[in-house]
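Once you scroll down, you'll see the structures, which are given as structure tokens.
Heads up, the next two complexes both have chain A, just with different partners, chain B and then chain C.
On to the complex of A and B.
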């Protein structure tokens, strides 16, 4: 329990540091939200008035602490360009990106584990070599390009879905899930290839260990040995990668959401950056940092679940 | 006349993993009777462990050539189909290994590992009954608190305890043949003595035949009924333990026995 207390404190400290850096970054980079709101023709008086209204004339540290306190209260501020609470904006879009992330992770896990086991069972065979080539290939295609290919093939050739015909989850949840399948596939394929590679090499490392021979001596078949004994021991590098992949998917949703025309977190991040809508950008970066920290925590939990030797305090 | 459990006939192994084939075991012949403890002694490289692994069906099928016959209850293990061999492994033929520290799966509870042979070979036995038998065997190998050990993970036990767990796991399916390959080598002397005593006891009560492989002549002398001396892949000499130790015929055996450290009194 003590371990989790420490973890929790370090999580909070990380988030605090990120919040400061994010806030400071927008202080340093050039560009004035008041100016971009009013346009180039605005008079200096009008700009000064708006800056005062937006609270931009106060010292940096005061604004930071003010913003931090508001964030802690759950008030992430108001969007400069949409004039609505940031929490509401993100709250509306988060389910979309989150669903896409969960779908792609489910696909990655459901495909990579059996394929990794299979390639390990037939290690160094022709199948394994073919798998290796396919893996290298799939790993090196960026998700956005896969997205374009998938849209072209399933949307324009097979006409299984309408490109750009996103369905809101509030209207039709089934249609919404259906639309998210292809983007999830596009995200999952390179991650899947990476997972298979990691799993195969971890399994082959484990397969030389003595307990594997013991398992065979009890009459386990190769598949039973791999599944019942080796898999759990070989999962550590995979779980680490998956934890990173979740955070990466949310941060990387900018590109895939653009390709598939999905109004998710990535989309508002992109428009907010170009509009210098700092409260929104800051909130999303904090959100991504939170996901990274949370995933680290979950990965740590899974380590302990997988390997009892790590449970020692 | 006792029942013959194991009969090895003109057995040989040839490695093919280098440019030139390498013969590691040649012309090995011996039999093992029911309830008998047969010791195989030799230096490292004598082929004793290879022979043991071959009998347990644990040698890889690729990269080496095997010849001769290994008859287990009259059936040849070497030509037997894989799935038939698997039915014997853990059920009729069990093995304990040299390294108790690594021979157990670190991420699986001891109990699950002890009862695994039952789960594989006797699916008709209920989970409660399996646990009961596993606990019985943990008790038979002198665990103070079988319930606690059942729920423990390998890293929570000492080396000696782990080797006793291995014995329990090997014996849970009431095998006909127990192969112990250097099973005391990694343990300190007092623990060694305990393991030897346990094996002798189990051999007596369960009537299991034991193939005890070691480089340690004094251990072989303590435990075996009959002894095989191996050198460079060949059997140098075999016979009753008293005959081998008191009246060795071959020069190599004499040298080995002369090399046993003696305590000067």
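On to the complex of A and C.
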């Protein structure tokens, strides 16, 4: 348990550091929310008035501490652009990006594990070699490009779905899920290819080890050896990768959401950065950082589940 | 400058945009010429080319009915308070929700709106507005003289008044329930245009969240980065809107616009490029062509060497061929300009100024030699990277200036940096940008070039210009004032204040199920004129 306590503290410190860095970054990079909002109508007086209204006339450290204190009280502030509470905005958008992440992870796991097992079973055969080539190919296509191809093929040629026909989950959940399938596929394909490669090589490495021979000599069948012993060990690199993939999907939603015109977290982040909408950017980056540390934490938990040796420390 | 508009349109995925539209880059729209309706010099003359299902021949379905989904390139990111928003992309939408005492029509003329009529005293100091009967706010209440006075006062108070023109009001008085008399401290030809400023109900303490206007459409709701919904206002005082429900869909990805249109999830997009227009050939869409109404130029910082020498500026003008820029940037479309005035503003636009500097490389070299740069010089062009058409323009200019031995280097900056360093800080050598007019008056375009103007970011300094301009705004006689403004434009051209290039073309894609789109000579979208084709 002491281990988890330590982990938790380091998680909080990471988040604190991230929040400070984001605040500091906006202090350094050029641009100002008041100027951004006023554009070429800006006069020094108007900028000053708006900065005061936004509370930007206070010193940097005061603003940061104020924000941090509000944050701890659960108040993330109000968006400069939309005049809505940031928590409400994120609450509305998070289900969209999260659904896409979950769908793509389900796809990745559901496809990559059977394919990986199949390829390692027929290792060095013609099938395996074909699989290797396909894998290399799919791994190297960026998600956004796949997204454009998929939209063009399924949307404009086959007309299976309407490009840009996103419907809100509040209006029509079925339609919402339906629209997110293609983006999820676009995200899942490169990740799937990577997972297959990892699983195949991990199984082949493990299969050469002594404990496998021992397991066989005790009279286990191939299936038993695979599921009871080899797979458990082979899953470790895969679980690590999947943990990273979840964080990567949320952070990378900026690009895929842009391609498929999905109004999720990534889109809000992108536009908020360009408008210097600090409260929103700060909250979303913190959220992404939180997902990253949370996934690390979960992966750590899973290691211990998969490999009892790690529990003794 | 259309803040935000082409900013997001180009987006952060510009690199991607270039890669993907590369294949269509050399299509000059020739394939779709049967679809594009061409205006000759101005937008008002836009007519349908024979043989297509033109706009003008159709009739509307009677009554207020149906719905339309209109794609907009960015969300209304600076809010919904009509007195506080500044982004052109926001103002053009709010045009449908709010009205002032007067409002612009599609010819750019001011017509009475919330006011039924107005009178201006001979000395230009007293404006008497008579309110229209039966004008209602979207919440159902009547517009009263108190509401009008409240709205004007809201814009004139404080250290940073929301409408600077209103600070010239010395007295505002309610004569009776329907009459308001406004007295100015000095005559001001721009005052009436400022009266397009929205009338809000005095009872509404929070216009940002509680959107109540008097326009043909009322605000229903919004989801950030997703959509904004409007509904026709059934108690509108004037001609009611034809289409009942409007969904404004935020289309953040400029590369997906054509796909969205063809896929049928969007019925209209007001600003597409000539390449996108060409891709729509043979589809269910009519493409209409108009102008963006801005002055695109290579703006030169007149205060820094070598641009403090008029001969150097003139040399650049002689080295520039606007037609080549238009060919490259917008498939040969676009409207050449020779000074700070765009063609749709016909009253002041003088076509002859386009020929002050017809391309003449020998003359350019001679002027450079005379100014002490026989071997040319180097300078930088700072361009906001989000405006693809300005970046492309700069690229063509770089090539053109090589021919006279001048080396230009393009410096791409983010929009916010541009605002801070170039526009506010005036820390630049040259920049390519489009400057627009927020209201349709000559001073909206010309006041910035007076030597003490706060927004004179090019540091233009001409005593002659200052004198002419001061005389123009003080002149009550319109014909005289017009002549003086034209003199100002002549000075800008003769002094080569900037290298003037063009007013950029813009294209509207509209599904053939709809018709009635109207171009305005300023940056607005009039949704009330759209109708469903019977």
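As a working rule, the second predicted complex is superposed on the first by the 307 of 313 C-alpha atoms of A that agree within 3 Å, B and C clash if a C-alpha of one lies under 4 Å from a C-alpha of the other, contacts with A are read in each partner's own complex, and residues count from 1 in each chain.
The working rule: a residue touches a chain if its C-beta (ideal position, glycine included) is under 8 Å from a C-beta of that chain, and two chains touch if they have at least 3 such contacts.
No experiment lies behind these values; they were computed from the predicted model shown.
> Where does A:308 make contact in the superposed view: on chain B (first), on chain C (second), on both, or on neither?
Touch partner of A:308: chain B, not chain C.
> With both complexes overlaid on chain A, does A:221 touch chain B (first), chain C (second), both or neither?
After superposing on A, A:221 lies in contact with chain B but is clear of chain C.
> After the superposition on A, what does A:27 contact: first (chain B), second (chain C), both or neither?
Neither: A:27 stays clear of chain B and chain C.
> For the three-chain arrangement built by superposition, which of chain B and chain C touches the greater number of chain A residues?
On the superposition, C touches more of the residues of chain A.
> Which holds for A:57: it touches chain B only (first), chain C only (second), both, or neither?
Neither partner.
> Kindly classify A:70 by the partners it touches after superposition: chain B alone (first), chain C alone (second), both, or neither?
A:70 contacts neither chain B nor chain C.
> Identify the overlap between the chain B-contacting and the chain C-contacting residues of chain A.
none
> Touching chain B in the complex: which residues of chain A?
209-211, 213-221, 224, 229, 232-233, 306-309
> What residues of chain B sit close enough to touch chain A in their complex?
56, 58, 83, 86-91, 94-95, 97, 99, 102-108, 116-117, 120-121, 153, 155, 166, 169
> Contact residues on chain C for chain A in the complex?
1, 3-4, 7-8, 11-13, 16, 20, 74-75, 77-79, 86-87, 158-160, 208-209, 223-226, 249-253, 255-256, 259-260, 262-266, 414-417, 419-421, 423-424, 435, 438, 454-455
> Over in the complex, which chain A residues touch chain C? Could you list them?
30-32, 35-46, 48-50, 79, 81-84, 89, 92-93, 144, 148, 151-152, 155-156, 162-166, 168, 255, 258-261, 263, 267-268, 270-271, 274-277
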